[in-house]
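Both complexes shown next keep chain A, but they swap its partner, so chain B is in the first and chain C is in the second.
After this line comes the complex of A and B, so read on.
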């Protein structure tokens, strides 16, 4: 079989992109890994908690340690990693337009494109939400765990999903006070293990509660919260004021699909996975056959699932470029899929599994 | 926060149960609004300013204060004028010794425009 000599271009060097590039390189395929940041790893180096899953998912290992191992592996393999390189354009013709160090721009032709662009944190507007001191939970997490700076002394966390409770705990670890974690839904949303840690630290966890407004002149000085009714409307007479200088928003993520849209990938709306996302098949191929989507862009899940999706796409891209035979491709992807299935279990996992099945079915219908 | 109080705050996470003690790093000096602010070489301008207790990084056209929101280069909340160039995302721009950092109003002005105008 004729081998494709143009490189596979992987956009985004987070867990999904790193794993995709590693599988391509292992198979002997030419690959370029691009990332707009000065350092690879995506959000992995902010994750200082232990991951879940089984032994082979590296459960019990902290995110930044997994990131370090992936980096070492990619270096050992000699992958061409282009940092400070922002992909600003691409088309169905597979031409990639990149800007290097915000100064030079160039284009190159790819044989395959693997988009691992991640997700963007959602915002929720309320009176006072533009005040200094209101920020996403990820912003606070980056500040404390990567840059080692406390964004504030006393924090209100809005949202009790995994991001909310994990960052609340990490804020405590970094030396901040957490005044409360509030949740508009009737039940807390995060994994029990993480939620319990915050609770044990004595942080009030308030369900059916929303933020009404932030108050202050040059920055946040107070947060006003209130209980909500069945339609998530604040009920009068239930307002309470918390003295805080920081309000963190952990209200979900949305897949960053801009490049997929430019490439002409068809999208589908899946609320359980963060909203609009590109359709993909079991090998992570989008509706544009040479373009793959992996990790949070293909539905917001976790670093562990992102890594397996990256591997699936990397293995399949290497096969489609002629660097693996079909038997080897089937064998390697079967292993990956089995691990992926194991990750999508339990109350939260099953929901994501079912949503993913819907995406695959929709892809089948749209691109038979 | 009065201007004098701004630089007294020490917001560094020096010790950490999981990450360990903050490793020493070469120190550089930034000039924020004409005043010296110490930074760890290579860290974003943003974190150096927040560590020093700077509360307001810019003002909107209508005078509303901003600091940071996403911290990873997506939202533009933290843009400032760096060495005469307005609109620089300080969360993804590394601190280098001697950088001049200024708050901007609205979209700011290029240093060249000022000199062209004779300002």
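After this line comes the complex of A and C, so read on.
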């Protein structure tokens, strides 16, 4: 088989993109890894907690250490990593338009494109939400774990999914007080072991509770919260005021699909995975055969699943470019798929597994 | 009073509403050792009662006393006969859900994971808390271990009055 000499371009150097690039390079395929940030790693370097999973998923290792190892591996392999490089356009013709350091613009032709652009944090609007001190949980996590700046002394966390409770724990570790974690649903969202370690630190967790408004003049000084009814409407007479200077929003993420849309990838709406996302097959190929989607862009999950999806796409792209034979491709992806399946079990994983199956079925129907 | 393990009351299931499991919920899951067991030998308590994909406790155990098996969302099963209470599972658990408890006369000891600075020191008088973070009694720090292999999860041992052994889970941050 003739080998494609134009590079595979991986957009986004988070866990999914790094793993895709590593698998491509390992197979001997030409690869370019681009990221708009000054440093690679995506969100991994903010994750100071020990990861779940099994040993082969690197469970028990802290996220930033996984990031460090992936980075070292990509450097050892000699992958061309272009940082400060924003991919601002691409089309179905696989022409990539990149802007470097906001100064130099260039285009290049790719043989395959792997989109690992991640997701964007959601926000909820409420009176006072533009006051300084209202921020997403990811923002607070960047401040404490990357820049080592405490965003405030006393924090209200809105949202009890894993992001909310993990960041609440890390805020405690950084020296802040967490006044409460509130959740509009009748049950807390995150893993019980995460909520339990925050709760035993004395942080109240309030279900069926929402934020009504933030108050303050120069910045957040108070948060007013209230209980909600079955339709998530605040109940009058249940308002309470918490003295806080920071309000963190951990209310879900939405896949960042702009580049996939530009490339003409068909999308599907999957609320369990964060909203609109590109259709993809079992090798993470979108409806445009040369464009793959991996990690949170292909449905919001975890770093561990993102890494396996990146590997799947990297291996398959290398195969489709002529750098791996079908036997080798099957062998390498079989391991990856087994590990991926292991991560999508249990009460939390099964829902995502079922949703992903729906995406695959829809892809099969739309573009057989 | 805690419910009997045979008749778990769902109103006592607090993991998904208050954030921490109740004693009744843990008893129903079979992860709470009896006072007799804790008096006989130090007992590992794995307070992990929700199916999540995770098994470092199993791989950390040199005795093969903790089993998760396949799929890795199985809840860990402890074989108390095989367990030597070496404590390697305490820092291995990413969920900080493992403690070791023992009883000696009217005194109890707990070994628990600790990831806050400053670390306590041997001899410190500390306040011990229950699963909801409510202070329940005072205790004396016996040791603080933080070898490299713990990867920054210290293991703190505290001695305290034995009557609180079921409720105590950690200490209050200083």
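We adopt the following convention: the second predicted complex is superposed on the first by the 368 of 368 C-alpha atoms of A that agree within 3 Å, B and C clash if a C-alpha of one lies under 4 Å from a C-alpha of the other, contacts with A are read in each partner's own complex, and residues count from 1 in each chain.
Convention: a contact is a pair of C-beta atoms (placed from the backbone, for glycine too) under 8 Å apart; a residue touches a chain by one contact, two chains touch by 3 or more.
These numbers come from a predicted model, not from an experiment.
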{"item": "Overlay on chain A: chain C relative to chain B, clash or fit", "value": "fit"}
{"item": "First (chain B), second (chain C), both or neither touched by A:75", "value": "neither"}
{"item": "Contacts of A:121 with chain B and chain C, given as first, second, both or neither", "value": "first"}
{"item": "Touching partner for A:173 - first (chain B), second (chain C), both, neither", "value": "both"}
{"item": "Which superposed partner A:101 touches (first chain B, second chain C, both, neither)", "value": "neither"}
{"item": "Partner chain in contact with A:133 - chain B first, chain C second, else both or neither", "value": "first"}
{"item": "Partner chain(s) touched by A:37 [first = chain B, second = chain C, both, neither]", "value": "first"}
{"item": "Touch count on chain A, higher of chain B and chain C", "value": "C"}
{"item": "From chain A, separation angle of chain B and chain C (C-alpha centres, steps of 10 degrees)", "value": "100"}
{"item": "Partner chain(s) touched by A:342 [first = chain B, second = chain C, both, neither]", "value": "second"}
{"item": "After superposition on chain A, the shortest CA separation from chain B to chain C (Å)", "value": "5"}
{"item": "Contact residues common to both interfaces of chain A (with chain B and with chain C)", "value": "62, 173"}
{"item": "Touching residues (chain side chain A, partner chain C) in the complex", "value": "49-55, 57, 59-62, 160, 165, 172-173, 181, 186-188, 191-203, 205, 207, 342-349"}
{"item": "Residues of chain A that touch chain B when the two form their complex", "value": "36-38, 48, 62, 120-121, 123, 130-136, 138-140, 142-145, 147-151, 173-175, 218-219"}
{"item": "Touching residues on chain C, where the partner in the complex is chain A", "value": "15-21, 47-56, 59-60, 70-73, 92-97, 115-117, 129-134, 151-153, 169-170, 172-173"}
{"item": "Residues of chain B that touch chain A when the two form their complex", "value": "1, 11-14, 16-19, 22, 43-44, 47, 50-51, 55-57, 64-74, 92, 94"}
